[in-house]
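You will see two complexes here that share subunit A, one where it goes with subunit B and one where it goes with subunit C.
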Partner chain A sequence: MARRRSRSGRTSKTEQEFVSEAEEIIERMRGGLADLEDQRAANDEVDPEVVNRLFRSAHSLKALAGLFGLDPIRHLAHQLEEILDALRLGRVSLESPAISLIAEAVRVFATLLEAVGDAEAIEVAAAPVAGLSEQIEAAVRAARSGPEVVEALDVDPEVLRTLTEYEEHRLQESLRHGRHIVLVDATFEIDSFEAGLTALSAAVRSQGELISTLPAPDDGSDSRIRFSLLSASSLAADALAGRIDVPGASVRSAMRRAAPRAPAAATPVEGADGLPSLQSISETVRVDIRKLDELMNLVGELVIQRGALGDLITTLQSHHATAWIANDFTRVHKELNRKLKDLQTAVIDVRMVPLHQIFEKVSRVVRGLRRELGKDVRLEVRGADTELDKLLVEELVDPLMHVVRNALDHAIEAPAERVARGKPPQGRIGIDAFQRGNHVVIAVSDDGTGIDTQGLRARAEARGLVAADETLSERDVLELIFAPGISTRLGVTDTSGRGVGMDVVRTNLTALGGVVDVKSTPGSGTTISMTLPITLAIVQSLIVCVDEQRFAIPLGSVLETLLVEPREIQRSRDRELLDLRGEALPLRRLSAEFGLGTPPPEAKLFAVVVGIGDLHMGLLVDRLEGQQDTVIKPIQGPIAAIRGIAGATEIGDREPVLVLDVAALVEDPQRRREAPCP
Partner chain B sequence: MRGPHAERAPGWESLARAALRPRRVAEDPGVLRRLLAFELEGAPYAVPVERVREIVRLRPITPIPRTPPDVRGVISLRGEIVLVIDARQRLQLPQAPPTRSSRIIVVQNDEGRVAGLLVDGVNAVLRVAEDAFRLTPPGEPGAVAALCRCGDRFVSVLDLERMLDVDPDV
Partner chain C sequence: MRRILIVEDSPTMRALLTSALEELGTPVKITEAESGFEALRLLPRESFDLIVTDINMPDINGLELVSFVKSNAAYRSIPLVIVSTERSERDRDKGLGLGADAYLVKPFEPETLRQVAEDLLAASREG
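On to the complex of A and B.
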């Protein structure tokens, strides 16, 4: 985000569009490359779909770069196509330097993109292109020559000759993996054959790979047409016949003799549909997030106008002469209200993106790290289709990456150690995302060492964050991982801490109106849960009144409200408490916090119970004024953040209302305890 | 060189927006600079016109807790929430309640940050020649950048950077 913004200064709009589209393509390539590396590591067969996807990406990039006259990118993309083509035809293998060349090309693309808009920088970035191209050419040339004729098949050689090199390669690969090659024959009426053929192809694909659709020798009929579908499947012909439920289709083996090897337990391969389509037809539009912000602001202003209209109606109702107008007005107002809500939902919906994008990024990092760290870890991702505001997703990347890295680096033990502790040698890191009300929860769990609370406390004491004689609950101690200056190591095995700590994760999330919680069981694992509002655009707030000044409290952090009699307030040392169903709820008077006037001592008060994670607190206010949709805006002016104030919002046409930063207010006393200062 | 003169300017709002930046103007001593003059405690003050975004009538101001006393609060300005600084407080002048003629001058500093200045009233746009500017005599409050002779009166020209420099720790 930041990078793109800084670039906008020297690049034109079209260049920015090119860059953002190209970045997406390269991001896809990185994904494909990581998959390939996995396959190589696992000694798997090359998944044709992965190579095809990479090929399509290279092809799109080539076309795009050609369009924008970026020759170095176009040229390199062309070379990449060559090597990917060789790879999918099996002319080069995954063991060859091919993969590292592809990786290198992707890296060069990225530096070239960085340089777009600056001719000199492009020249510098393009320097490696020539050398890399030569290497790729050499690799393709050195690769073994084309595959031998498929002799194992009982198929008319005339027919085999019509196969493309790629199809031939797929046949060989399938044979090598012990799959059955079958021919599925069917005859269709000429005028309706397309539908029938589509259904048959789908049925074949569901059971294996459709390699080629061949027109079969006709049976002399003018009104009918016959096809032979050359396919590969882990099922033998007779078993397959039972699975393909298309009337008139027959399945026969195309093998010259019995299956060469026992069928491998291979999963059906998706149909590799040959050459890439240059641009898949897409119904999506790329929109600058700032435009959406503008739209959102407009909606926000409409919401405010609606509030003003409501005030007007109240005025009309209060006068006898105009009350009848008010009734009509109310109806219109209600309708407007409903439509506005729909509009709001629609605009927010546009901003929503599924989390799988960043989860993919995280998986890639995990794959890289586990190799680097020599740890065997399985990453389980659930709920990747959970949606979150695009802006929040961007901001979530770093904290999430940090937490996952921590788990992998510090929490998961080496395989031998795990076995010694009676755990499976392979560690597990889970990322679970789900929606809870107006929030999205992303929980990162591991089955590693758990947090060493004693060690954590010792470190906190050494840093003077906790007094040696202070009694802390287990929870309080765990909370210390979020204190500044505490090493991020979550396990006991690590010897070096990382520069950035969990305090940064908490700070980042708090800035987004989110919270982060930790739960840990020594020896069996840790769960870090990050809770974020689905959107920052419009939030429901509770409007409260203190000394006749109104404040808005985002409803997301309000748990309940209570009417409090002054005599119910208990004092313990310098703190005020309330007995809330047997639990001690710490209270804070907003009037005291903000230096405002206090009501007479006998007056009833309201406690707004707010919760940030597991920290609860009652904010004492004079009066509650109800709920409102609020658009929280930053305060413009030469002033740094005001602690406890998140921004301001407009309600009706009256003065702006300050929005409380609940997280800061709740954290305040904690901070005082952690770092006692006058 | 013409003598400086004040003009009643009903259209000064648009004038203010169109005004040139002072640095470029300063290179040519013959060119006049435009100042927006306003009143505080009966005395004339001014800010460069090109720093003025708009002038608004007094509207409800929401006080902000935990801020120094010269921060008056925030107003809403067509969807923006803008901080308002009390110019009297800032210049250590005696306090006085706002009147019907009070205005909020919305100014923009070099970095494009916006803030409002609460003043007693806005007078005019002055055209002042470069050579009418005098250095600040000692004893003037820090936010006064220069004095400028306009006819028979001296106008205090404010340094907006210092004027808007809020100390958040108070």
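On to the complex of A and C.
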């Protein structure tokens, strides 16, 4: 990302806001432009979505610049919009000067942005704008004689998006005959929608023509599906609503809204080809993440109060005289519970952003580096739509970049060498993101050299991290790449000897409640998987008790709980293990971990099986107390330094409870000894 | 075993598509849907590695199916091929614009479909 000179001294706060938003837009444009260039280089079809995205970016930038009175940017953005429009209507081809003009415009935007706040600098930076604008105008004018644009339909463009040509034709005919175009909406259970939909379709047909049925996922639920029936009728929406007697159905007009929303929007952006309209661009609000944090804290407070209410109800129930009130309270409590859950989900949802923002950055770094390093690499990104808490996304950039850079720099071999090893000359780096329960996994894989475990072990021995006679499993050895201070050259052929600090990656991820895993096959590649919680906000926790001290274990990492007889616990050297369906599950006693009293040796214990990524472990506790919503708050003072404690939470009775940091606990105890916490 | 969903209202085309895809290099399990509605019902019940859909169907059209699949977080990653009889640039652009991964114009050689299907399945395999 381009770093600007410090401008805090000479720009106002609003200008800074403008610059940061404009910077994001220009980043997106760079991404789109790179995609276009790739497509042209590969002689591919131009992806209309890429052009549409660029078009929307140009439009946003124009609106934004207009708002801040930055005329050179606004003017150039307008021209850019024109040429992109011509491009997406097929009037201009990529082979024309179009692509270099677009590239030049993006470059000029960047220099203009650097100059914001400095009138003189702006003037200098704006010098090329006039000439460039003229060139663009000429290119667009020259291309006017393209394929004919389909007659503009006076219908909501959102609807047109999925219509076939035939359906468009029906629509046109209906409009010509002066019929009203309406949408009839209804939501059904996905398992049994057909009966209801058939009835609704019949009702619609009895009043006119059913042109198309548009399905859409229901926002609130996986098990429901929403349908919009696009119909033409001699009746307007209001009149039609009275005639369609199907419960739950609603009727609205599908005509394009009459007046544009803002007079500032001089250029119509709704093409006849049914692009998402201007509305979908401007219906976004930028909010300071701290405001969302505040909102989240408030929700958290409510959750705690709700817990207290639950306790009060329990007290009421336990007394004969008040038990009848308790029933009424329970009903209210249940409803409150439900609404609070909805509120929680809604607030968390606002914080979620798709990962493609940072994946685009990574793609650009890879593009730049592969040239520099003389390596031929294909980057395959999947799951860019996976969403993660905004705060976590920001924190993820550095570790992700680090891991990808490593793969490119150290793991992928030069083309000639790859061929010599029987691999295709072009290397492959994959980034796969997907959701797993309450976590998001981001896996970076490569088909490079793999990790040289022997060399790794030798280096670890040389640094005294491992004794020469110590037996380590393959996995244990791989884990050494995360040990602090070890020069972790990932590739056997690497000669640069640059330390790459995978320990920093692990430290960063652990701080976010995540873990990082490595898998590697010598000669054929490495996969580094980073697992992160979706959000750090409110989590359901299992409350456990050890020596009368309560702890909360985030439910997202709890796999199951077991009742354990002391004789079932096996010992192997200094470790305790439990046979769990044929697998040896390592155990850890929380009492020992936190220096608490131990129960009598014959007492039964509970094992809470926790897992993050592929690491599993059983935590031994005295008692389970049930599940609670917990709001994890950071703690300060000496307790904060204890490894294994993520923070504190309050539950119903307002007694603070320590929240376990499962990620830190499940890490290999051996490495913990060697890398003690400061 | 790769699972493919074919959505096509014409029984003849359905049979043709199925027989073409049964000869893929990898073992496949093919599920046929006679309409867009049936596809909507099948999606949450079975998991698919590839969807092949017609455009012009009586209930919901193929573009709407594409839009539904690609705007739904649960199905978005399933690669999707549109096959359609009429050569329509606009339908093609719309389909691809909505996120379809490929577009084939009927009639096409079975080998072309296999090639496209194989490419898309290979790209999604490591996912």
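Note that in this section the second predicted complex is superposed on the first by the 381 of 678 C-alpha atoms of A that agree within 3 Å, B and C clash if a C-alpha of one lies under 4 Å from a C-alpha of the other, contacts with A are read in each partner's own complex, and residues count from 1 in each chain.
Keep this in mind: a contact is a pair of C-beta atoms (placed from the backbone, for glycine too) under 8 Å apart; a residue touches a chain by one contact, two chains touch by 3 or more.
Computed from a predicted model, the values in this text were never measured in an experiment.
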item	value
Which of subunit B and subunit C A:549 touches, first, second, both or neither	first
Partner contacting more residues of subunit A (subunit B vs subunit C)	C
Subunit B versus subunit C as contact partner of A:421, first or second or both or neither	neither
Which of subunit B and subunit C A:655 touches, first, second, both or neither	first
Which superposed partner A:382 touches (first subunit B, second subunit C, both, neither)	second
First (subunit B), second (subunit C), both or neither touched by A:338	neither
Contacts of A:297 with subunit B and subunit C, given as first, second, both or neither	first
Partner chain in contact with A:643 - subunit B first, subunit C second, else both or neither	first
Contacts on subunit A seen with subunit B and repeated with subunit C across the two complexes	none
Interface residues, subunit B side, partner subunit A - complex	59-67, 71, 74-76, 79-85, 109, 113-116, 164-166, 168
Of subunit A, residues touching subunit B in the complex	297, 300-301, 304, 549, 593-596, 633-640, 642-645, 647-648, 650, 654-658
Of all residues in subunit A, those that touch subunit C in their complex	45, 47-49, 52, 150, 161-167, 190-191, 193-194, 197, 212-217, 222-223, 225, 273-274, 380, 382-383, 385, 430, 432, 434, 445
Subunit A-touching residues of subunit C, taken from the complex the two chains share	36-37, 40-41, 44, 55-56, 59-68, 71-74, 76-77, 86, 88, 90-91, 93-94, 96-99, 123-124, 126-127
